[in-house]
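Report on the structure given below.
In this document, chain identifiers A, B, C, D, E and F correspond to the written order of the chains, with residue numbering beginning at 1 in each.
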Amino acid sequence: MRANRLREIWATGKPATNFWLGLPCMLSAEIVGHQGWDSLTVDMQHGHIGFESMVAMLTAISSTASVPLVRVPWNAPGDVMRALDAGSYGVICPNVDTREQCERFIGSCRYAPQGYRSVGPKRAVLYGGADYIAKANDTVLAIVQVESALGLKNVGEIASVKGLDMIYIGPTDLALSLGRDIRAGLADSVLMKAIDEILAATRNAGIRSGIYCRNADDAKAMFAKGFDLATVTSDDALLAAGAAVAAKFR
Amino acid sequence: MRANRLREIWATGKPATNFWLGLPCMLSAEIVGHQGWDSLTVDMQHGHIGFESMVAMLTAISSTASVPLVRVPWNAPGDVMRALDAGSYGVICPNVDTREQCERFIGSCRYAPQGYRSVGPKRAVLYGGADYIAKANDTVLAIVQVESALGLKNVGEIASVKGLDMIYIGPTDLALSLGRDIRAGLADSVLMKAIDEILAATRNAGIRSGIYCRNADDAKAMFAKGFDLATVTSDDALLAAGAAVAAKFR
Amino acid sequence: MRANRLREIWATGKPATNFWLGLPCMLSAEIVGHQGWDSLTVDMQHGHIGFESMVAMLTAISSTASVPLVRVPWNAPGDVMRALDAGSYGVICPNVDTREQCERFIGSCRYAPQGYRSVGPKRAVLYGGADYIAKANDTVLAIVQVESALGLKNVGEIASVKGLDMIYIGPTDLALSLGRDIRAGLADSVLMKAIDEILAATRNAGIRSGIYCRNADDAKAMFAKGFDLATVTSDDALLAAGAAVAAKFR
Amino acid sequence: MRANRLREIWATGKPATNFWLGLPCMLSAEIVGHQGWDSLTVDMQHGHIGFESMVAMLTAISSTASVPLVRVPWNAPGDVMRALDAGSYGVICPNVDTREQCERFIGSCRYAPQGYRSVGPKRAVLYGGADYIAKANDTVLAIVQVESALGLKNVGEIASVKGLDMIYIGPTDLALSLGRDIRAGLADSVLMKAIDEILAATRNAGIRSGIYCRNADDAKAMFAKGFDLATVTSDDALLAAGAAVAAKFR
Amino acid sequence: MRANRLREIWATGKPATNFWLGLPCMLSAEIVGHQGWDSLTVDMQHGHIGFESMVAMLTAISSTASVPLVRVPWNAPGDVMRALDAGSYGVICPNVDTREQCERFIGSCRYAPQGYRSVGPKRAVLYGGADYIAKANDTVLAIVQVESALGLKNVGEIASVKGLDMIYIGPTDLALSLGRDIRAGLADSVLMKAIDEILAATRNAGIRSGIYCRNADDAKAMFAKGFDLATVTSDDALLAAGAAVAAKFR
Amino acid sequence: MRANRLREIWATGKPATNFWLGLPCMLSAEIVGHQGWDSLTVDMQHGHIGFESMVAMLTAISSTASVPLVRVPWNAPGDVMRALDAGSYGVICPNVDTREQCERFIGSCRYAPQGYRSVGPKRAVLYGGADYIAKANDTVLAIVQVESALGLKNVGEIASVKGLDMIYIGPTDLALSLGRDIRAGLADSVLMKAIDEILAATRNAGIRSGIYCRNADDAKAMFAKGFDLATVTSDDALLAAGAAVAAKFR
């Protein structure tokens, strides 16, 4: 089976870069796939990306060196399994607040006996290789987002669920849930304290940590803290900002 | 009928900005439509945009203030008419080398007696208004590209075709056709001489001039020369460049 | 943020009209959007409309004055949030039978602290404006359908859930659940009694009421009763009926 | 091979009804296919219907008794052949002005030795039957539109082209080309005289005649004149009119 | 209402053949629909088929004699109802482990009073007929998959749920859940014992039995055991195997 | 620039295998791309494949070792250039009958000074590499079909057009044009004589030869004759035949 390059990067002690895809467009996904990112996330939650666009985007990414990840809209086993069958090498599940929710998600990512993922990979075999079923449990990444006050409270239990590979932080939702002004971003001290707690929980549990950033400075700071993966920007944000700047050329 | 804002801008003596869309994606078109461009071109020639994506992108642009233009793949009456029926407020026809080719194109843009455009606007009426058929000939822009040695030779005749609104220059094709190294861009003196000839021909004919640029400096220089419209950048170029820069943040 | 015109209409004491969209077609949505309806519902439950068609239809409606609503297939947080992120100004949730189901739905419509909607609007910001996140909770409409015997029994509790804006009645499902002959339509007295109970519950709770009708006479009667919103007809019904009538012209 | 029901109807001496499809939507095509029309035209010229939507609409129509026709965007052999390969039982070619144009179109509709249609039917065999290639030349309808002053002048020559099955009149384009006010519709006497000439030409040539009408009264009048096929209305017209009327119910 | 041919076949005492569709392609579905299969399953779980492709595939199958079935991604009422509304004559629900899960699924397949399916068929009426609502409960098939150790333990309870028509076995998931080497296929004795138990449970309950096979020999063996339906192969498997064999022709 | 593996194979003196894709489906294209074919042809003429499906299929093929070719619907410069811009490594143009038609096609495949292809590759650069523009003229294949009596008569002139890489024979159209019974296939002696003439013409001109076959025996025979490329079968043919055989398993 094709190795998961994210696992390889981490094995060398380095953190990994991540780019966020929200446009339902296989061409833009392929373009970004050629720009040197360690991983790309096809965002089915807030991106306007339906099932078949997700599959098309994974197809486009398959001819690049970037590792394809999918964020599913919600913790629904059918959506998780379909993303994996289509060849995603990792799934990010939003809004996990409890150990039970985490277990349900992990189960949907793993074949028996570790979980209850149904057997029937299709593109996953084309991308991963003929031995996909035997090795998928050890290759694909199961990632949950802790991004609420309740999730923060339960982060130790969540982090300890067997089979979980990473906790990925959504700072905006977390800040809002903690009653903070989200416009402050990572500069908010209460938010940062929560982030530190989650990071510590991942270390205690021996799993990876990731976080959504909006610019390079924040990503660098998070790498300095010890995060294993940082998202730096997204296709729609780059396009909006770039087009706005260019429009003012006169 | 909704006025063509490009005609209004030019009536004030100002040049107009243009952004190029090559991604088959209505969401990215809508995002760019909100960034302050005078006009957007849906490029069906080199963009990977099929007929229904073009219609969808025009729909998305309709809720913004940017004027929608379409570049058709080739000088084919069916394609020209369909772009106009879908609500494009101008059509750019590539590779026009002769007066006859120009006349054929202009005819496909205009209802009788000025041309042979078939009656049957659909989105065009939703976007333009109930009096679309009566006023379309005076509102939508018919634009040809002169971008070859032969076109350059015939530019006077081409510019004089009745009903033509603008000659739009594709510098790369023009340079290649003139046997120049295209990597020099607008810095090539032979190319620039040709551009000046075409610009002069548009002035002689009393029509508008436009040109494809790849950055703000070139666009400013072309405005300084007197061009009425300059394309500054494109969605795929912005995305590739932005993603490449961001990937190097470490 | 762009105001919700439905709230503005109701503030003047008037009821609002609604048209139902079941065809997966952005062009038909745009055509109807120009015919003077206060609101349009993109029906993802019984219409054959997938996620990306829904987004396309919302895009098409954005250039009209009609308020876009979406009925989701079921009470699933991922679907509700995605409809809102795409710019729907209200979500209708089918088959809500209990207070708990209603709370779960309302939570998915509201950002913290009122709910658990995840932050990440995309088209919603293009359509609504840059202050979307701050004002969305007070602008978008959270609507549940009470359409079963159990829902009828619990209607008082359902109506009292904080954040609920409207109960929308599906008379056919309600009639069937009550064991009535659905062919009688609104003429069935048992059904009408149930409708009256639900209407009363909305008044007690100080929220809005809506109902699906199949013709103008029923809609007028429901307005006379005091309903705040009535659906009058749908694209597929109009097309089938119109085409059937026209076919008999000989 | 499945017989062409239009030929069967005409063999009984009756005229045939036609409905016009302009929405790119297989569901609306299927709905209309169940309402009793003799034939449906998928309009790729003025409808916003791309190639794959056309194929999907033909697929949907295949489960109904209505004969599927396609109007191509222009007189392009590739488009004509692809519509036939996809199972259309007739092709309408717009804007045919000369005998040569007609011959070019007819050639693209017929296998050798009658024409130069390339062999490779796909859905056409599923819909038509295993003997499709042998019988297609005698089954599918080749139809041209005469809708300009030049076409009118040449109508005798056009009508005499071997293999042509019908001349179909587009009254609006014809009126505009004749310099008439198109708002008068069929009430314009100059237009009507031209229509009569074309009708006479089809009779002289022993071929069928068809015409686009906008309502039942016009269609009845054209049947009374002897037309073999009349279009009565379209999906987008029905929907716009029906939705506009219904919106005024208050 | 159009009869369900699977019920008719079984009424004659014969088993039925089934073909599995995993390609998101209406043309391939239509091609297979013409090859003589009693039924076709549109697989939304492991096939890469989104909602609108599923509808398109059902549309394509509607012009053939094969009975259309849909396997939904998971036990979600919204997905089940939407497949039925689109004209599926049966729904297969994966991974049903308990009586409660089975009841939830059955309820979503049946109109009140037998269940809680919401009223609003669309293509279902075009395909099934005007009396669809009255007869659907007795026509469409509700099928669950028992494919885990837990499901096996509970198979008696599952089989006894009122309204269930068939248990369909997924041998691979079942084998994996039982800790077997899935490469052995049906040759594994522990798996076969489990299959026999499930088959016996369907007989005790007086319902139908079905099973996924990968070749004709297995399907014949399962028919010999008494299974009522056997899947024999799939589009993607046929294509991969056929293309691999053909590639070695030199 | 990525080398064209077909040119590499021929440089070793071996012929190349080709598989034909007619289903508009990126998943089936990707599956076939993994089965060991030297090249795949996306058939836009007789396959039911629109522009964006073609692009998607090229994207899917890009992750495999098979060389992607596209057959365009007709000899239209816009279609040829768009297939190349999307990353096709060769274009097959149907129905070329004269030297002039061949020259027109070759010109659309080559950048100046060899031709008039417009500069603007997009996926082509992602697939081919950053030096695409400089090397494309020597890498991509320009292929015409000779498949009519007229083409046969002119084959010497056609073969001598500078820049032509291959003549590809469509035996069915050629046989029909010669007045033969197409059911005889390659067993027809008149057809075979014509094939020999065309093959000889390619040798005289020093270009490659290719032919469409329907089975391995024919392909082997054509390789024995000296053809450089043979198509062996297609996705839709494999699927129809495979499904028909499998359906008869009882």
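Brief remarks on what is shown
Heads up, the rule we're going with is that contacts are C-beta pairs under 8 Å (C-beta built on N, C-alpha and C of every residue); 3 or more make two chains touch, one makes a residue touch a chain.
This structure is a prediction, so every number in the text was calculated from the model and none was measured.
Number of steps on the shortest path from chain B to chain E, with steps defined by chain touch: 2. Note on A-F: across the candidates D-E, C-E or B-F, the interface recurring with over half of the contact pairs conserved by residue number is D-E.
The most distant chain from chain A is D, comparing centres defined as mean Cα coordinates. Taking each chain's centre as the mean of its C-alpha atoms, chain D lies 34 Å from chain F.
If you average the Cα atoms of chain A and of chain B, the two centres end up 40 Å apart. Listed for chain B are residues 24, 27, 31, 34, 48, 50-51, 55, 76, 79, 122-123, 236, each touching two or more other chains.
This structure has the following touching chain pairs: A-B, A-C, A-E, A-F, B-C, B-D, B-F, C-D, C-E, D-E, D-F, E-F.
In the complex of the two chains, the chain C residues touching chain A come out as 50-52, 55, 76-79, 81-82, 85-86, 111-113, 116, 118-123, 133. Of all residues in chain D, only 26-27, 30-31, 34, 55-56, 59-60, 62-63, 122-123, 126-127 touch chain E in the complex they form. Within the complex formed with chain F, the residues of chain B that make contact are 22, 24, 45-51, 53, 72-74, 76, 79, 94-95, 147-148, 170, 172-173, 176-177, 179, 182, 236. By the touch criterion given at the top, residues 17, 19, 23-25, 27-28, 31-32, 34-37, 48, 216, 219-220, 223, 232-233, 235-236, 238-244, 246-250 of chain A touch chain B in their complex.
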